[in-house]
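In order of appearance the chains are A, B, C, D, E and F, and numbering begins at 1 in each one.
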């Protein structure tokens, strides 16, 4: 079978009407409507988009594979015996069994447990037992052609060790998809050096997936919610910073620069700051500059399922996996570079304390997403406000704006026909 | 310098004798450990570790795949103190009430100074307005020493079984 | 945002048709249809009704607040610095975060964790960080007016220490809402004396919320289900008793009088009674008369979310909080009077053993509600029978009737357009 | 109330269109659409079908009863004081309480806990408290007739100790319902000898109920999935075997014959076989021949909720109880014959290790059903393939076919109007 | 006269010595407590209390807010007996099978007569036709005395963490 | 010959003394039992049984109704070995990680050779891609003997409370 990426019948735009004020408003039903969620799966995650699936460094050798998901479709990312990477849907073409359960491994064939149908790394059906019957009895019809019954394949692209896949075969090349500005920021971290995977952190968040993108595209909250960041000078609203989108608004990057000092300037953002707090073990935060330029925090969101995180020396891919309209999984793949020395590796591992399900920054975010979802679920006629920084969709040179969220919903509306 | 990879043995470790350690005192250490965490007395809980103690919470997935990343990594009690400061002072989250059910505490290594132990844990969590539910289950892989006759953890690794953490892991395991 | 209290589009009355026999029948789909439940939220709990929210004694001081819910909308009941009580929706006007998590406390401002928007006790938006931007950058548009972005306010009324709220600003005064008869019974317990809160008991019940009202409006079951009551003479079908509704049928009161003896009279209701059972510690039940008149049990149901319980000397507000079509929360606030002596307080605390999730009376009720919901869920074409005491809607002088339930559904149908 | 067995309004066939290739394809939405599931309850389980409910041996004495379900309707199977078996819906005719909670017992009357309405074994309403009121007050209207308010009764039929029930009163006799071939196989195990119940095993399976029938009607998987069976010679694809349906295709039987040896013949099915594996305690598998003919495995599926299992000497009724579109319960009633000696009983008890939630055969099946459901839930536009053995619906003399599944869906489509 | 407010310490109570009490005997008392409740032997369970014993089940919410209301309040073993009579004889409910998992039993106060103890509990409940699930989690705050060498509870307070009880709390905690 | 009906006492069994058995050694046996199962070391786990040992997993329903059927029935350690061979070598299933929480281990019968014990268990299971959840809860009814000073199970019956098993019961209880 193949997923249709065709438009779906139900006329959502009729049932649901976006507020007249446009993208400076977000109706709460975008976080709670199961039909809308089903539509998002079809037109966004199974539609014309490049979904992050893995780092090439996770499957360095021929036969290596990892399991992951594109939207809520389980897929296997494989490297075949010739070193070519494939992404196939993890569902048997016979009767639909999810056939691979290992989170990762090395195999050049995949066999379904139910009737032992065997597939190649690229999804091709290699063979099935009793195809010709047994003792002249049974078997598949003469017109049965293995070629028609492989695992569904996705289009695959790789750039500097990062793997993306799409259900759409007509996708533009990744550089065109990202646009020049965001491509530049992408290449800043993925500069062609070999990556080394440090490990995974995974969590479920009881919130709609779009709240995660809102959160990362929202510099406004950082200096207000993340007391830890501000307390230790990692982020301040008055730090030099900027927000840059691609032309469609679907991708964006937030760039900021650590302040060199901690004195209190007269900004609003420090009400809850613990001025007296000092680290007992400074090794928890001993950032060193490793990238060209002054930026110390670069958070890039790549439509529709990826956040590339560079906070000081902790680097991670944050992959969104949608579970339901009210829940998503966040998979963090922490990495460094193959040429990191052990001291740098230890630094990254220690700074990882800031991120993930126990992250001294991200705990705050998970919690407000959870509470925002609860707010959205109260009733379906509420509306969120996105007016910080005005109503426009332009790049900015500061952090006091919700522009990247507006741009996100501008694109979302066009894709979803809302 | 600190080991990059958690020294957790993913698999089973056979029982050894208690040696110079009293089984009852070890049990008391774990009981106090649970009681302090579950009462939210995180500062007092820090006292159960020696200054050089390392504390890690890590997913079984990373341990089994030989990956060095921990979910919480404290290379000293001081770093663990920084985390407690953060839990108490800087992090935003709804209150979690926990119950750490610790069972099957077993001696698995012994030398003149240190007793190695393993144990099972199931952590039950209660959130505001919700029923009590299982947050996580897993095993401990610990080292215990005696300081002036009082037992303390010189190293503790909590390995949780489910790769997926429900929302957040805030209260230490 | 504001909740619309307008009629909703889906023509339920068309999809669902009430049985021709009228309110002496109840179709089981009223307990199981999620669309109907959503409509109940809009037209009942967020419609023209006075919802119980708290006792004034729970927030005696300026700044005191408690969290609770109206239907499934979380609200905060606050007393401002001037002592005025407000009820506001617990959802930030910015991007919908449920902002207050403490069950109770004292605060004259409420700050959202996400971006530190700050609200007054009455919901007015006091301020937000970076409203004017930072260093000349960003900030809210000039036309942004705090007055447009407060927490949604509910109308509030208080009578003799009991607080009610409504999403409808056009509500009649509480005495008119209750009607003379039920107002009289209300004032019997709430006679203006200062109340003292003894504590809370809370439980979830896997049943539709209306089954709770049916249960309390049903004197027929009391002497048959509650063996404990009958065994110890607290209730008998042949006790002097009556059932009184208001003119709309939405409120009702059941009044009964303990029998002075326990001999067996020839009623049907004693099959399961344990004649030989005696209390080992009579302090568990040593009721004293404290109200004028002979009534010893008065159970008053006030549309749409309150039961006022007086059983002997145990007094409690039972507040219904709807969670889903198949589950509700029951919040019990046990109270006495500020002038109770310690002996009376102890008596109330001991008699509390009869009520709540462990109540020697209410355990029975929770269980039959659970089993009635399971019965309703079997299939959606079943119908319940409400013919005890006939088909009418008149007050009665006895306990052998389901009239108060019929009256309840008579009102329910008119409000719901069924 | 009575369940209507009438057709339902929603025009499913319009919303859902079966693939053009017919029954050699199964669209995944048959496993995931809740509306379809509701329709199945009405037109299949509450429609013209004989649902297995119990063995007569479970209720040998007058007054004996067991609780079970027909589809998702809880029923009680009772034997009245005269020895007559009745099947009644376990829901009170008054206000819907599920009245019987004991899994089994002995009672000639059933009393609802709520208001003590009392029913006879056959569901007749024997009486209700206060029917005539108390002291001249209240009571039921004069026109209230107990005869109108019994528990809903199902039609009941018994054959050789096996009890079936139906919501349809016009059902054909069981022999005609089964058809001659399947009746013959049925009578092979149920030959009129008295049965003895050995015990129960029960499990929930997170899969649509039809996947269970597919699994049992699928001989193709047996030699490929069940390594234990093949390893110990209990089943091989090249064993003499056949598949036989009734004329409608709704019932079927799979018959196979153990091979006398374990040498490897050149079939595909032994990839995973553990050639070196020997039993440490051969008592785990020491089958003896007990039925006429050479068949050693006979798996019969009887529409819509029964599998009759004979694997060597382990005999069990597998009853399907639907819980939701994505979950069913499997209730295993293991039995033998009253004239079994203790050695044979022990043999059956030991061979029970092959079946049930811990069965060395059935563990495999539960797991693939779980994984097939997960595959079906991925998206609703996938399609399963049923071409093994061709496209036809004819009986076969071999195991290399999916014909019985095709026949099942052929009948399913006609009943469901798909 | 009986105290109106449960004397439960909401917070943590530090460990003291076992004094004249045997740790093993205290553990046995808790083990029997769980075994009796989980077997439904409520009458025998009563024997684990002295005649003057008070028994309370109370929500953490009320304890922390200083409110005197308990969910179950028995000011004597006789009153507790009345409740057991009711559970056995007068109440209507579907059968509950419970498993009380009691861990971290710790001595927290000691005098010539009485040992104060705290412990954690997680109560798993199985209802007819349903899977086993967590009913409640919380802590005990108890007093233990020796009666002719046999340990008995002179006071027991079970504090449950989640304010919301799932349906009912029938089997004592 | 083997008894057809499991010799499980459905009800409560009163405590006896430990006799010649050391309470700590019995506790260690149960701790090793849990640790081995939860580490997936099924072959080593077999070593905790004597050769003649019987092992059964039974639903409380069958026990209470006096029905002989078990869910897992091994009339010898050899038969239990066959099951372990199957779990390791022939069965298809997604990995289950378990945590057996065993509490309230109590001596309930004693003779010159055998100690009878009961205990409570709650088994928490973690499946691939899912959160940890309760798989089952119940009680043990066991017999323990000493073989050259080492304690082993001569009989074990795990009685699970909920008749409905969630999907499958693969890892022994």
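Simple rule for what comes next: contacts are C-beta pairs under 8 Å (C-beta built on N, C-alpha and C of every residue); 3 or more make two chains touch, one makes a residue touch a chain.
Computed from a predicted structure; not experimentally measured.
A.B. asks: Any chains in contact with both chain C and chain D?
C.D. replies: A chain counts here if it touches both chain C and chain D, which gives A, E.
A.B. asks: By the touch criterion stated at the start, how many steps lie between chain A and chain E on the shortest route?
C.D. replies: 2
A.B. asks: Looking at C-alpha means, what's the farthest chain from chain F?
C.D. replies: Between chain F and every other chain, the largest centroid distance is to C.
A.B. asks: Find the chain most remote from chain B, comparing centres computed as mean CA coordinates.
C.D. replies: Computed centres place D farthest from chain B.
A.B. asks: Look at both sides of the chain B and chain E contact and report whether the same residue positions are involved, with over half shared, or different ones.
C.D. replies: different
A.B. asks: If I rank A-F and E-F by number of C-beta contact pairs, which comes first?
C.D. replies: Comparing A-F with E-F, the pair joined by more C-beta contacts is E-F.
A.B. asks: Provide the C-alpha centroid distance between chain B and chain D, rounded to the nearest whole angstrom.
C.D. replies: Each chain's C-alpha centroid was found; their separation is 48 Å.
A.B. asks: Using the average of all C-alpha atoms in each chain as its centre, how far is it in Å between chain D and chain E?
C.D. replies: The mean C-alpha positions of chain D and chain E differ by 45 Å.
A.B. asks: Take the average of all CA coordinates in chain A, do the same for chain B, and state the distance between these two points in whole angstrom.
C.D. replies: Centre separation, chain A to chain B: 31 Å.
A.B. asks: Can you pull out the residues of chain E that are in contact with at least two other chains?
C.D. replies: Expected reply: 92, 94, 101, 103, 122, 131, 134, 163-164, 166.
A.B. asks: Quick check: what residues of chain D touch more than one other chain, meaning two or more?
C.D. replies: Residues 101, 103, 113, 204, 225, 364, 367-368, 371 of chain D each touch two or more of the other chains.
A.B. asks: Which pairs of chains touch one another in this structure?
C.D. replies: A-B, A-C, A-D, A-F, B-C, B-E, B-F, C-D, C-E, D-E, D-F, E-F
A.B. asks: Could you pull out which chain A residues touch chain B in their complex?
C.D. replies: It is residues 103-104, 197-206, 225, 227-228, 231, 272, 274, 277, 279-281, 283-284, 329, 334, 342, 345-346, 349-350, 352-353, 356-358, 360, 363-364, 366-368, 370-371 of chain A that touch chain B.
A.B. asks: Under the touch definition given earlier, write down the residues of chain B that touch chain A in their complex.
C.D. replies: Contacts found on chain B: 1-2, 4, 57, 59, 61-62, 65, 67-76, 78-79, 81-83, 85-86, 89-94, 163-170.
A.B. asks: Across the complex, what residues on chain D touch chain C?
C.D. replies: Contacts found on chain D: 1, 3-4, 41-42, 46, 72-74, 89, 91-99, 101, 113-116, 129-130, 133-135, 137-141, 144, 149.
A.B. asks: Which part of chain A faces chain C closely enough to touch in the complex?
C.D. replies: Touching chain C: residues 26, 28, 214, 220-221, 224-225, 237-238, 267-269, 271, 364, 367-368, 371-372, 374-376, 378-379, 381-391, 396-401 of chain A.
A.B. asks: Can you list the residues on chain C that touch chain B in the complex?
C.D. replies: Contact set of chain C toward chain B: 101, 103, 113, 204.
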